[in-house]
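Each of the two complexes below includes chain A, the first together with chain B, the second together with chain C.
== the complex of A and B ==
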């Protein structure tokens, strides 16, 4: 998919819930591209959820405009707009009186899809979220575990094949083990379906793991909107540095890619011999360097057909920083 | 008593029919008024604070006094009885309706909105559905009290099983009083049982445990 096509454009959007209070979202602009996985990271009260809810008009902006797939959301019928945008919340929001199949078929039924087409779609969706269709279709939400409920929530949001998926701390109430499983499942779904995803979370690990780019937000303003490598290496202000800094030492090795540290890129064949590829996490590079500190590790960037090196000294510098 | 029943079964059925009719008309009108009012007041809490004491006040007027008070306006018969009974039951149904709507999980409503249901579908298919058990509980209490108060309405010639009680008392015919009381009680117990079942079923339905 074309990751340069703007899918969500937010332009100078401000949201004030009451006249005498500071705005919850303060003159925010950003663009999310088609097929991009954007995570919005911030503490509670930062305005991250408010910002997201303006995209499907659960909140109306006080000022500013939002375009989805090139169209001004304000000029569209709000129900139609929402039928084209999947939405998943923390408390799953499934309809208890309906079965799993009926829940997933919700938007298909609103759009009056043919019954057979809807049934087929329900099966596909359950398979996509790794739940066995025949086993789960007839169940009610209260008969599912928290993780399964979230999976059904995702299946329901994706059933009518929206281009966009909005997720409001969807895994916030799930235990750590199941959260990891769900995160991996979501990344898988994203790879298969190429949806544009906006994912709100207060969990740094989650935001950095999932997002192609992460938006750090505070007091209703974007502090930085960048890839994780950039956030760590070039934090735009003290807040960003501090926010990520808590876990920085530890996190650097897990999140930074080898490619981000290379400074001496040279063109090379895309199959040139090298120790590691550019997307290897730094922890693995360090493991190699520690065995033989004298020898720099060769890094191969296949996409751009170039090689470079990481020296022991670079790692040492990073540690001192 | 058997003899009394044998001689008067047609009258008893007729009076029971009137009683059912008074109760049914009252509850239908009251529900049709109270549910929309309750929905409105659940949303507009300030107005609710002003209006609810008023409905509560009506509820506290002794029923016989209320019936008699309405005679100069509506005369005798069914009409003043229905007016008074509706005025009474409004409070109970409105109160339960407000609670019912306010208890609906806002997450589920947000989910329904986000999926693209229109405003009316959300009110009917979700808010009202989820508020239904509590509203039904109100209707049940209202119906039982209506059956009771409608007995007194016989005093202003509204008909119904109360007629047997008042006639029996006037003519010292205790068999009539006893039979009348038993029929009214059976009627109330039966209706209570039925509505309780309905309430339980609706609760099981919205919880997906039917």
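== the complex of A and C ==
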């Protein structure tokens, strides 16, 4: 998947629900690239859900344009557009009168897929979300746990193989343990399927964990749209810094990656021993440094082509900043 | 059980007459129920999808509900005179409100998330109605039909008053002749038909509710 190919382009989009009220989404522009996992983070009423729902035209923008895969959404048949975009909502929204298999096959059936192809697809999707096909296919939604329902919701959204997945606080009503499992499952699915995902959440942890980039939104305006490392190292304004708690040590240590602190990368030698990977969290780096403050920690980049170092002094500087 | 014997005897000696009245009663009830179901479900869907006008439609049908069944039967007299069709019209009017109101509330009770999911997947209005909304409201609609069926079957007894025929004929006849046995010839079959319809629709309703997970 070409990560430089624009998949969703939002251009100067504004949404006003009534004339006298402030706009819910205020002149927003951004681009999400093919295969990118974008999280939209904000408090309730920030406009994050409204922004997402304009992509599949559940809301129509008051002004501005949205392009999906290069095509202006406004010029397309709305049902066709939505059939090509997976959609997952909080509280799953599964059809109670239909079995798990029928739920997953929804869009395949609308698109009049061959029966056998659909059945095969249902099995694949259930396997993808880690539910045993033969055990779950014939069940009804009310016979599933909350986590299982949400897995079926994801399977249903992915069944017709859309390029894009829109997710509206999908794990908001799930307990903490199952939420972590689902988040990990989703990251795995994303790696396997390379979908472009727009994921709305109000949970900072979730947004930073899942997103390649996170968009922080307030009063209908984008405050910053960047990777978590950039958000922490270069917050664009006080709101971003405050909201994410970038000055708080625990937050820094948890979210910042080792790779973000390396200032000069060098070509990797063959003996890249004792190295941590670039996405190791800062807390782990500090733990290693504390054992032997004299020796800088070696960081190995993702593709293992480059190495860099983090020195004790760098951490100390970060603390004082 | 002397009365039962004399009842069976009466039916046997007046067999053709009894079968005729029974068939008129069933025809009145079933046709009225079919027409009312068609109109009631259509109006219920319309009201649920157009809330502003819908509220007025609901109010109107709630109003009809207040009118006693005998009054409706008598009210059609000046319009259509005596006979089968006036009785059919009156029974149909009587049967519409429960079906319509239950269709409306069944549709309105559907979880908004379910509808949002359907919209989000690009189902389109028509498909959403037939594949999602009506099946999910089915148990509620069936409950409405069940209520209407009882209403129609029992009120069809009164149709005899406006010359509509049916099993009510025996009740009127029995009353004028001071003969309880003749009255029972009308009353007992009506009771049995009402019970049978109640059982059939209740089972159907139970099955639908269980399928949708509304029961434990």
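To be clear about the criterion, the second predicted complex is superposed on the first by the 305 of 321 C-alpha atoms of A that agree within 3 Å, B and C clash if a C-alpha of one lies under 4 Å from a C-alpha of the other, contacts with A are read in each partner's own complex, and residues count from 1 in each chain.
Note that a contact is a pair of C-beta atoms (placed from the backbone, for glycine too) under 8 Å apart; a residue touches a chain by one contact, two chains touch by 3 or more.
Keep in mind that what you see is a predicted model, and the values were worked out from it rather than measured.
Novice: Will chain C clash with chain B on chain A after the two structures are superposed, or do they fit?
Specialist: Superposition result for chain B and chain C: clash.
Novice: Figure out whether A:19 sits in contact with chain B (first) or chain C (second), or with both, or with neither.
Specialist: A:19: touches no partner chain.
Novice: Give one of first, second, both or neither to describe whether A:142 is in contact with chain B, with chain C, with both, or with none.
Specialist: In the superposed model, A:142 contacts both chain B and chain C.
Novice: Would you check which partner chain A:112 touches, where first means chain B only, second means chain C only, and both and neither mean what they say?
Specialist: neither
Novice: Report for A:96: first if it touches chain B alone, second if chain C alone, otherwise both or neither.
Specialist: both
Novice: Does the superposition put A:56 against chain B (first), chain C (second), both, or neither?
Specialist: Both partners, chain B and chain C.
Novice: In the superposed view, which residues of chain A touch chain B and also chain C?
Specialist: Correct list for chain A: 56, 58, 79-85, 87, 89, 91, 93-97, 106-107, 110, 140-143, 156, 166.
Novice: Please name which positions on chain A make contact with chain C in the complex.
Specialist: Against chain C, the touching part of chain A is residues 56, 58, 78-85, 87, 89-97, 106-107, 110, 140-143, 153, 156-157, 166.
Novice: Tell me, which parts of chain C touch chain A in their complex?
Specialist: It comes out as residues 111, 113-114, 116-124, 127, 132, 135-136, 138, 211-213.
Novice: Which residues of chain A touch chain B in their complex?
Specialist: Touch list, chain A to chain B: 56, 58, 79-85, 87, 89, 91, 93-99, 106-107, 110, 140-143, 156, 166.
Novice: Within the complex, which stretch of chain B touches chain A?
Specialist: Per the stated touch rule, the residues are 105, 107-108, 110-118, 126, 129, 205-209.
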